[in-house]
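One chain, chain A, links the two complexes that follow: it is found with chain B in the first and with chain C in the second.
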Partner chain A sequence: MMNLNPVLTIALPLILAFTKIMYRRIANLFLIVGSLINIFVVMFLKEGQYLMGGYRPPFGIILQVDTYALYSLLVLNVLFAALMLLVTKKAENLTSSSLIALAALNGLILTGDLFNLFVFLEIATIAALILVSSIKKYHQAFNYMVAGAIGSTFYLLGLGLLYKQYGTLNMARMHELMAASPSGSAVAVILIFIGLAVEIKLMPFSSWAAGVLKNADEWIGPMIGAIYGGVMMIVVGRLFTDIFVMDAKVRLMLSLLTLITLVGGEAAAFQSRKVREVLLYSGVAQAGLEALLILNGYPAIGFILVLSNMTAKYVMFLLAGYMAEEAGGDDFDRLTGVFRSNPVHGFAFTVAGLSLAGLPLFFGFIVKLNLLYNLMLSHSYWLPALILSASLVEGIYMLRMILGLWRLPEGHRGGLQVRILGSSHRRKYAVYTISMVLSLALILFGLAPDNALSIARRARGADTDGKPLVLITMKGGIGQ
Partner chain B sequence: MMELLSLSLLFLGIYGLVTKHHILKMIVSLNVMETGLNLFITTLGYQEGQIAPILSSQFPSSALNFVDPLPQSLVLTSIVIGVGTTAVALAYAIKIFKDHGCLDLEKIEGRL
Partner chain C sequence: MNWLSLIVSLFLTGIAGYFIARIKPSLGAWIAMAASCAALLLVLLGGDALPGGPAWGLIRFEVTPLGWFFSLLIILVFSTNGIGSLAAKGRQHREPVYTMLYLFALAASLGVFAAENWLALFIFWEIAVWSSTFAIGLGNGRKGSVSYFGMSLLGSLMMLFAILAMGSAYQTFQIREALTTALQNPGPALMVFILMLGSSMVKLGIMPFHIWMPPAYTEAPDEFAPALAGGLSKLGAFTAFLVSAYLPISGFMGGSWRVKGLPALSYGLVLLASASIVFGTLMAIRQEDAKKLLAYSSAANGGYIIIGILMGTSMSVSGALVHLLAHALATTTAFSVLAVIVRQTGTSRMDALGGLAHRMPLTFLAFLTAILSLVGLPPMLGFVSKWLILQSLASQGLFLPAAAVVFGSIGSMLYAFRILSTVFLGQLKPRHRALQESSPGVLLSLAILSGATMGLGVYPSGLIQYTAKIEASLGMSETVQTAGLSIRGINGNLNALLIMGAFLIGMVIAGAIFFKAPRSRKVDLMDTYTAGEFIYSPELYHYGTQFAAPFERIYEKLPSISRVYAALASLTDDLGNLVKYLFFSPMPSRTALWISVVTILLIWGEVL
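Here is the complex of A and B:
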């Protein structure tokens, strides 16, 4: 079987991004072909370490392809390509930035070097800033830039301190040295976490997200809210599971930040009366939960939750963007009954919403069920109670929003006459297909989760502090 | 001493970013912050009495007492990234001024 070099997933989009400048008329083709080729490359990647420039680690940069990176890349590239297929018209002026964003996001997942990760982080942020400028809210984009700059400064400061202490930037070597002598690295690890907290939207560093995602269209919502957020969380999963060694006090301090985010995000989403605002704050709360799991020894469930939420948020932000565009806003009153005249979109949005909230039959439910079961097994009781309460609140506001979008407004017959994408048949069917495929995937993985869960276990190894992860599957109950 | 000075510069920049509302002042603060960070990283590789890591006819061997060159290469990359960020920030500043006629974020957000 063919074995391709993972550097292609970074180099190809970069080459296309700069070649495109000479062929403006077929810019969209570059975008679609580039993102589809990347899926092909990912499908033929083999696990292993790939040296860059022939220098062996820890002296040279390496790209690390393991199960974690492989499945993260697959989800990222499929979602990215789907977005390129859907919004090609809007992407015309943003082709280069989109391709550069794709290269940087792939690099973030693959790199085995901490400074190289900083470079990809910065490239991804600059590409995101250009993409965000397409919604014409420049002062909000400026706030995002300031938050991102402070975040990357903290990351680099932490990295400098780690380099001073351990004398390496190679991730694997850093882990070995930290495991042998973890004392004195707490400040650096906290600084790096704060730096990344801006990107994963943890409170109180998530204020930029409100400005950007509340106004997000069908292009920026899935890109920043789902794809970027998911990839940054995958990076956090890599660093805080495989690389950094933390003592209990640091873990507790960072966990408090994630708990504040979980509670604050759910409360803000509960209060909100606008679709994109609900999705934004729900995403913030979910980021808190994902980071909490990663920090507290549940990386496999954290990983599968990241991928599940990434898919669900992608579908919801995409459809919310179209709805807001057609209806001229996204407050609940304005969109009451919108799904009556758009039942296919309504079905996809409902499935994604219920999966995000963790309701039965959907993939999100299976993930949370496994999480609670494993937490109970490790005699942790306050965390399951908190997660259950947060899920209850999320279930309430998600159902309230979804029912409102299905309910007929008083005096109306046949639903609100807002046709999502009524003007373009090609795009309409593309949105139908992609949102339906992704939402059906959430149902399918909810009904037959065994493969997805075992991949997560393989990707992240043992959970619950070295104990094997116990999975509740549909085949025969509980298995190890 | 140099570490402390560069960290002071860094936090001065962060202070400016957090407390100022004028976009140009914020961009200046951003650059002050980046300069402080770059200086700090450079000082990490500095060692008293050692020489710059450049091979020449006068210093032909890498076995000589060079300072650590890695922080300097990190700073080079960081400077390039900083230039990119500043360019994007200035582009935003022009767009914001065209849209709102001023560069004060507090006034702009107050009007919306």
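Here is the complex of A and C:
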């Protein structure tokens, strides 16, 4: 069996990004081939630590491939490559920045060094900024830049404090030292959390997300709304589970922030009457929930929640972008009945939405079930009750939106005659395939979730904070 | 054949039906009908000894007498409705996806009734909810499907919470085991009971959870409303039976406060159900639309069922089961008839109809049996169930609920006969002269339903014996007794056949008078004169017009629960607006401000 070096997933896109400049005419090809090769590389990665430049840790930078990183990389690269297959004229100008974004996102997942992580964070943000400016909303892009800059400054500030205290930037070493003497590190951890909170869209730091995603097209929506958000959450999952040690007070304060995000995000989504707005605020709320789980010692559940939300949001943002483009806007009234003339898209969107709302038959349900069950096992009834109330609100706005998109508008007999992507055959079939494959995957994992659950357990350990992770699987019922 | 394969094949037929109906839309209705009739045959022939089939992970089935009874009920509703809607040419009904959703809802309900554990039950419950939500969404309105889904979701989340609370406290999800363990270690037992019963009440549309019923019943496709009202809303009763049988209130709140021999909680819930009866009746009287009227009457009838379940005596539980069946048969009939009427006239407003009995006498007869059963008059099944419930209320000396039941029965005469007379009796509107009798398919399904209503009403012993079997299987120490053709009551026996005989004698006398007496002359509706008031449209002649106007002022002052829900929704909206205003402004400076404020707060909190 081949054993490839994970640095390839970072280096390859980078090299392609710069060589592309010389071959402008086949830029598309670079993008597609580059991202497909990356999937190939990820499939042949072996778990382990990889030293860069031959320095032993904690002195050199290392890349760490564990189950967590491996499956995150897999999902990331598959979703990314799928997006690249939809490449359009507009994206041709963005080849380099897309490839750089891919390199940086891979790096964020892989790196075993906190400063290296900062570098990738910066690269990823800058690449995203260029991508975002393609929607021509410069004010929103500027907002994003300011927020991103503040975020990375906070991260750097926190990191500086930690370095001063512990004298290392290596993640594993940092964890050892912090576990030995955690006192005095709280301020730094808070600063780092705030820095990352900007990226994972926690309230009140996420105003940029509203500006960007409200106007996102079929390219930016999945990229920023699903892929970026997901990867940043995976980074948070890494840092706040494996590395930083928090005392109960800090954990409580940060959890409060995530709870506010959950409630506020759902309320804002409930109030919205535009498809992309609903998606973006529900994404904010979901981010709150994911971060809540990660902070409170349920990283395995948090992990599958991130992956399942990422997939569902990806499909929905993709289709929402196309719908908005074809119909010239995305308010519910304008789009009433759009799925009547596009049933395949409608099916994919519906499946993703139902999964996101946590209804059975879909993956989202299994995740929600396990999430609530584990919370209840630790004899907490208030948190599950709050989460269930939030999902009541979520279910209502999600179904209201989906039903509206299916409903025949008054007077129209055949539904809204907007053909999503009637023009280009290649794009049309690419969107069909991608959205169908991903939504069928959500059904498949909903029916047979056991593998996904056991991967999550393997990735994030069976035992955190003394709370055993008990999974309810389809095959065997409750199991340790 | 086993239960698993029955359900799986229904699901697969649903998917296949979708694709076939896409090619040839008219086949969709046939597939839905054929599949549900085949299921009916199978469940009837297999009886409650039908094996559950191999376990497929969590999805395990076990057919119990209670589950079989419910399954038979829902398949009967779905298959007769399937036969009845064959000839329907409605737009919604012709949607290919309708066939799929219809069969999904049926298959999922069968899954609920035979589930071995709570998780499987919940999974099928939710599938039934979302498939029926989309089926309602195929109809005309906006509000119905969303409020149905919202309330159903509230109910299912309550149930999920209870299931997980049991699972985490007792390490089991097995239905009976979890509940009986809860009885022995009553930690979260009270919470579990309240939540489970709450979710049942949502489904049954008991006050204050009834608000989904009127919009959902009116806006659902005409062909789906019978299945929804007669079949799917009965899902709630199933879990209520399970919970109150295995986790009776007296078990975990035994010694503490009792009212009239019942634990205070039971009594309170019985009062709530009684309030639902009174309220549903009052609201039904007021309606102008036949479907809305039936929706409120369903809210009232759910009250009888819950009272029967909560009382927990052998008679009351039997009464609840029989009432469930009676109400299912009657509402399915009524909504099927309304579907025919709406298809032909385009309206279900009572004042726009009238005199239809002249045009569709057979349909009228079927509707008459349904209404008689709904009111609870012999010789219909509805009489038997109300008799049983009243008997057990009376024997316990529960005056208030008994008063509510009597009030509901008398009130139901007001509204049920009103719908009968405004729609079918009186004079035919000129524009309805061309109406035709229902199609043979509809008549067949109506014949089956009314036949069952009347047949079981005259000869209930077989049914009662089966409810006794259900009671025994639920572990009740006493079961309801039959003696020959009559049911044993507390202060006398019920011999329905005897009553039928008396009824027949009355009919013969009335018939003799009718045929002997001189006939009245038929006058056209508009062929009349008016005194003082100019009546220019047939509607104004109709006594159903503004029928409840004198009551309206009284009603206005009644507190409205739907206002509470509306207030909650607008509160959420306001919160969303506030969040957007505060945290999602397009000004980067505001973001920066928030970051600083939160940072300061967090660090301050840490340093303190």
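To be clear about the criterion, the second predicted complex is superposed on the first by the 477 of 480 C-alpha atoms of A that agree within 3 Å, B and C clash if a C-alpha of one lies under 4 Å from a C-alpha of the other, contacts with A are read in each partner's own complex, and residues count from 1 in each chain.
Note that a residue touches a chain if its C-beta (ideal position, glycine included) is under 8 Å from a C-beta of that chain, and two chains touch if they have at least 3 such contacts.
Nothing here was measured: the structure is a model prediction, and the numbers come from that model.
> Output check: A:Ile224 vs chain B and chain C. Expected answer is one of first, second, both, neither. What do you get?
neither
> Quick one: chain B or chain C, who's touching more of chain A?
Per-residue touch count on chain A favours C.
> Classify the contacts of A:Pro384 with the two partner chains as first (chain B alone), second (chain C alone), both, or neither.
Only chain C; A:Pro384 stays clear of chain B.
> Taking the superposition as given, does A:Ile150 touch the first partner, chain B, the second, chain C, both, or neither?
Touch partners of A:Ile150: chain B and chain C.
> Quick check for you: in the superposed arrangement, does A:Ile109 touch first (chain B), second (chain C), both or neither?
Touch partners of A:Ile109: none, neither chain B nor chain C.
> So, A:Ser133: does it touch chain B (first), chain C (second), both, or neither?
It touches chain B, and chain C stays clear.
> In the superposed arrangement, does A:Ser206 touch chain B (first), chain C (second), both or neither?
second
> Considering only the touch criterion stated at the top, classify A:Ala141 as touching first (chain B), second (chain C), both, or neither.
Once the two structures are laid over each other on A, A:Ala141 reaches chain B alone.
> Of the residues on chain A, which ones does chain B touch that chain C also touches?
In chain A, residues 139, 142-143, 146, 150 are touched by chain B and also by chain C.
> Applying the document's contact rule, which stretches of chain A touch chain C when the two form their complex?
On the chain A side, the touching residues are 139-140, 142-143, 146-147, 150, 154, 186-187, 190-191, 194, 198, 203-211, 249-250, 253-254, 257, 263-265, 267-272, 281, 354, 359-361, 365, 369, 372-373, 376-377, 379, 381, 384-385, 388-389, 391-393, 395-396, 399-400, 403-404, 406-407, 450, 472-478.
> Hey, which residues of chain A end up touching chain B in the complex?
115, 119, 122, 126, 129-130, 133, 138-139, 141-143, 145-146, 149-150, 153, 156-157, 160, 163-164, 169
> Which residues, counting only chain B, touch chain A once they are in their complex?
10, 14, 17, 23, 26, 30, 33-34, 37, 40-41, 44, 70-71, 74, 77-78, 81, 84-85, 88-89, 92-93, 95-96, 99-100, 105, 108-109
> Which residues of chain C touch chain A once you look at their complex with the stated criterion?
Touch list, chain C to chain A: 57-59, 117, 119, 122-124, 126-127, 130, 133-134, 137, 142, 145-146, 149-150, 153-154, 157, 160-161, 164-165, 167-168, 171, 173, 191, 569, 572-577, 579-580, 582-588, 590-592, 594-595, 598-599, 602-603, 605-607.
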